[in-house]
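Below, each structure is written out as structure tokens.
One chain, subunit A, appears in both complexes that follow, with subunit B as partner in the first and subunit C in the second.
Right, the complex of A and B next:
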């Protein structure tokens, strides 16, 4: 009986403690210097058939982290991405909340797009935005088409709602329906 | 310890504690009419409540220590004299309480009325916007080219009323310069109005007084009250564009600044850097502190702040950047020249 009570108490402590790790905020990138240098795929065509794509360790780290996603949302506003992409709906620049990706929809491709720019208007933000913030922006842009985990995506807008908050956006590919 | 030594130690301790009540940031050391009114209220309430507390405690002690009456009562027999005494005591105590409460309410009402009346003759309007975690200060003017934007340091003419429009960009903050006025919140989506008036020239420290996130404690501001002529000179100086770099190092610094990540958030008037999400740096070297009162302005502190903002103010919106030693030195040299 006593052991069971003890176990129960331990469980009661362990569950909240385990929850502490969800929001780890890494504001001090390590190493601070150097930026990711994965290749820029200008086209998805390549000779020799499909091969495993190269990935950056930061991709997985940033993709489903609530803090990084919300920072990406803030920076999207701060750096005036809406000037061309209009809250993801598209304007002078392409829409970001649909399922069409001209240069690939993986977080690595989006990171490369922001870092190096793309033909016909997308400027290069290399040396203008620290690498970690580019990853944050890329993670957020992916969340705009409903690709981020609902538990991590931003849950409210600070301003008037241009569209539902990112954790309620349907996946653009399936439009929320099961395939 | 002898009795005398104990008394001296007590007096020293009291003096030490009371010395904290004066200085650049104290509600008990008022330097403006609003703060004066509030300080009067604080003292009056404290003294009156202390007297009442002592009286009540005295009565309680008297009752506890009173010799118990030996006379045995017949519970059914009512002693008319005693009943009369009891009801008289209770009624007068209730009456006194009501009187004190009404008196204090009136006092607070009249203080509020005085506070509301201050600044109907405001000469200057300043829009103060709270950000996580710094203050944006914008001097409104009917002429657009006389509008001035600066950060974290509010200069006002001494002896004149200044109207502050309080706004917030993100979460609720609260503006409080204890030596000058009572605190008022900066709420997103609405504008609160506050009047600031410093009787004498001086520097008064203010602090965000509403918890606003990780660096709430490092969100301070300085109110610098100056004589009118000095203020006007400061204003004209601040309106000017940034000075051109005068040395090779400063020139490198400016070019590094304009080609680096700094331009994504900061503005330096007279250069292509025009972003407004971070503090305006046009005259950053004329300010006394950096990072909203976190560090004194000095070359060393500036370098430390740019090299590792997340070590000094973890969670602040200033990111760690990819700069080498030469670039850092050059940027610091340039910013230091922006008087």
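Right, the complex of A and C next:
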């Protein structure tokens, strides 16, 4: 009995703490425009060598963070991403909610796409969007294909239902079916 | 110009109308049969294009609309109702491009010319040799980045031939002249800027010594214009904007609009919130017709931007309307606004067919326009007066046109705005009919209209203007219209202001139409069927399944062997087909500005890939 109460109390503390983590963030980000310094390989092909690895120290800070994801969702409309990519299904630009990636689906690749643009019509937002906000957008783009934790991804919005909310979208590869 | 069939029996009313009629009482029926005696005109009575705008057919096809009157009517009759069933493939040709093929092939002498969607390759095929081998190809190499600012697939609606040269425009905003014989570039003028969202998709028109061409970009806050370029060296002679002060719209002393709503100084500025006209759309991306006798060109203007109407109170002149202009100077003679303060993206850029006809006993020079907002307009083309505006498809966004004031009567229940979801608006943003041009036969007096049957839900949202990115401010979700079929092909009886017959299609009919003196009408479906139907009854006479959905414009020509040929480009795409060419994800109902939602099953019905098909009798 005692242990049970203790367990319950522990749970009561643990759940909110976990909840806090999903919101944890740097409240004083570098205000300057500018960009993450790492170069991002634009291909996975390197003659004879290892697959080039994509990793950026900033990635972990933004992925699966509820605050950043919800900011990313707001910015996706604010910077007219939705004008070209609709609510993820695509239009003038490709669909972002499927599991097909031209330039890579890692958060680092998506960050590079937004920052530098891509040749067939993706504009470069380098001079318009501060770096941290580009990371937020990149994290949200991953949520569109079901690649963010359900606990952190945005839920129902107030607009016309374009598709199920991001925290209910299935992973694009499996579409919710077990393999 | 005699009509082959007797007055009324030959004017069929099929399908639904037939059943409805059958349900009526005998009395009503006898009234219907007595129709002609009670003032019904036989459809073909005295309707014909002005000869100066539609000269006798020489068997060539030198501009997409066939002639300045834009009839898309061929006088060839070797292929006719009785033998079209035996039509077979003469040759095919892959364009190598997997985007939407909206262009009309051209035939000049013994050469066929086709221009592809981006990257806008111009091919010349030698019709004198078996299989029509390639003579040359010309690659203008437009900037790849232009693809990102083309609102609705990277289409091109065709080239035009004049005086030894082929003229066309590239997606990245260049107008190009190419020597028709050698394929060498004669001149190349950059007139559009992709970094503010400008592209060019329309087919130019050559009038006298000028090439007329306008810009696209109504979904990116691009200010619309039409330019006249010198045929010899490509320099810009005049530019007429669709918004802004009168001197930039080329409105001066000659401007005499028929209705009060279009009269006043600088309406292109005062009918907008401050400075909104600078990013207000009104793009000239559709069709131009020309009347050599009146010496006037006619062209429409596109939707105002952004789509969310709350962000631009006012009539938003001179968007969603039509101008008559002097081709030499660009000076405007009249203007009429189809859709003042447009709320639903009803671009006013469709084709206008120039005809001379008796209207209520009076001979009139008219212009017939099946318009995006769902009405077939008949205008007096000398003044811009509206003689008639009757719906040809499902319309609930408006309640008709007030013929006193000329104004469209909007339906307050379908008024869109910020934060509000309005359901079941018909027609959709893509219109009862979009760019896909209709054809007119003087033998039947009917206008053959390829079109859609779609409705939509809309929600206005806030939007920021960032140059070179979309400026729409509307969530849209389209769906099939009444009856569940998404396309229609309507033969419109112009004189009697009503349909003669209608065909239903599963998908929107996004191809152009062609009608011939053999009384055969040709059009294509998005599944890929190329169809020949009777011009009088609509009865299906022949069909052939091409490799991809058809959204191109069919043509008829006389080959070097003296025989009649029918040609069409197959290759799905365009706004309606963007779900296939852009591989969009229909789980998002707003994909492709809402069109993907209505086309969820198109990926199962067809694949992208451009090919020319040419047919002849065995």
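Note that the second predicted complex is superposed on the first by the 145 of 179 C-alpha atoms of A that agree within 3 Å, B and C clash if a C-alpha of one lies under 4 Å from a C-alpha of the other, contacts with A are read in each partner's own complex, and residues count from 1 in each chain.
By our rule, contacts are C-beta pairs under 8 Å (C-beta built on N, C-alpha and C of every residue); 3 or more make two chains touch, one makes a residue touch a chain.
If you're wondering where the values come from, they're calculated on a predicted model, not measured in any experiment.
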item	value
Which superposed partner A:92 touches (first subunit B, second subunit C, both, neither)	second
Which of subunit B and subunit C A:100 touches, first, second, both or neither	second
Which of subunit B and subunit C A:121 touches, first, second, both or neither	second
Touching partner for A:130 - first (subunit B), second (subunit C), both, neither	first
Partner chain(s) touched by A:57 [first = subunit B, second = subunit C, both, neither]	neither
Broader residue contact with subunit A after superposition on the shared chain, subunit B or subunit C	C
Partner chain(s) touched by A:25 [first = subunit B, second = subunit C, both, neither]	first
Touching both subunit C and subunit B, counted on subunit A across the two superposed complexes	78-79, 128
In the complex, subunit B residues that touch subunit A	170, 188, 259-261, 263-265, 277, 308, 310-311, 314-315, 317, 319-322, 324
Of all residues in subunit C, those that touch subunit A in their complex	144-152, 219-220, 421, 457, 459, 461, 463-464, 466, 468-472, 475, 477, 578, 582-593, 596
Of all residues in subunit A, those that touch subunit C in their complex	77-80, 83-84, 86-95, 97-98, 100, 119-123, 128, 159-163
For the subunit A and subunit B complex, residues of the former touching the latter	25, 27-29, 32-35, 74, 78-79, 127-133, 158
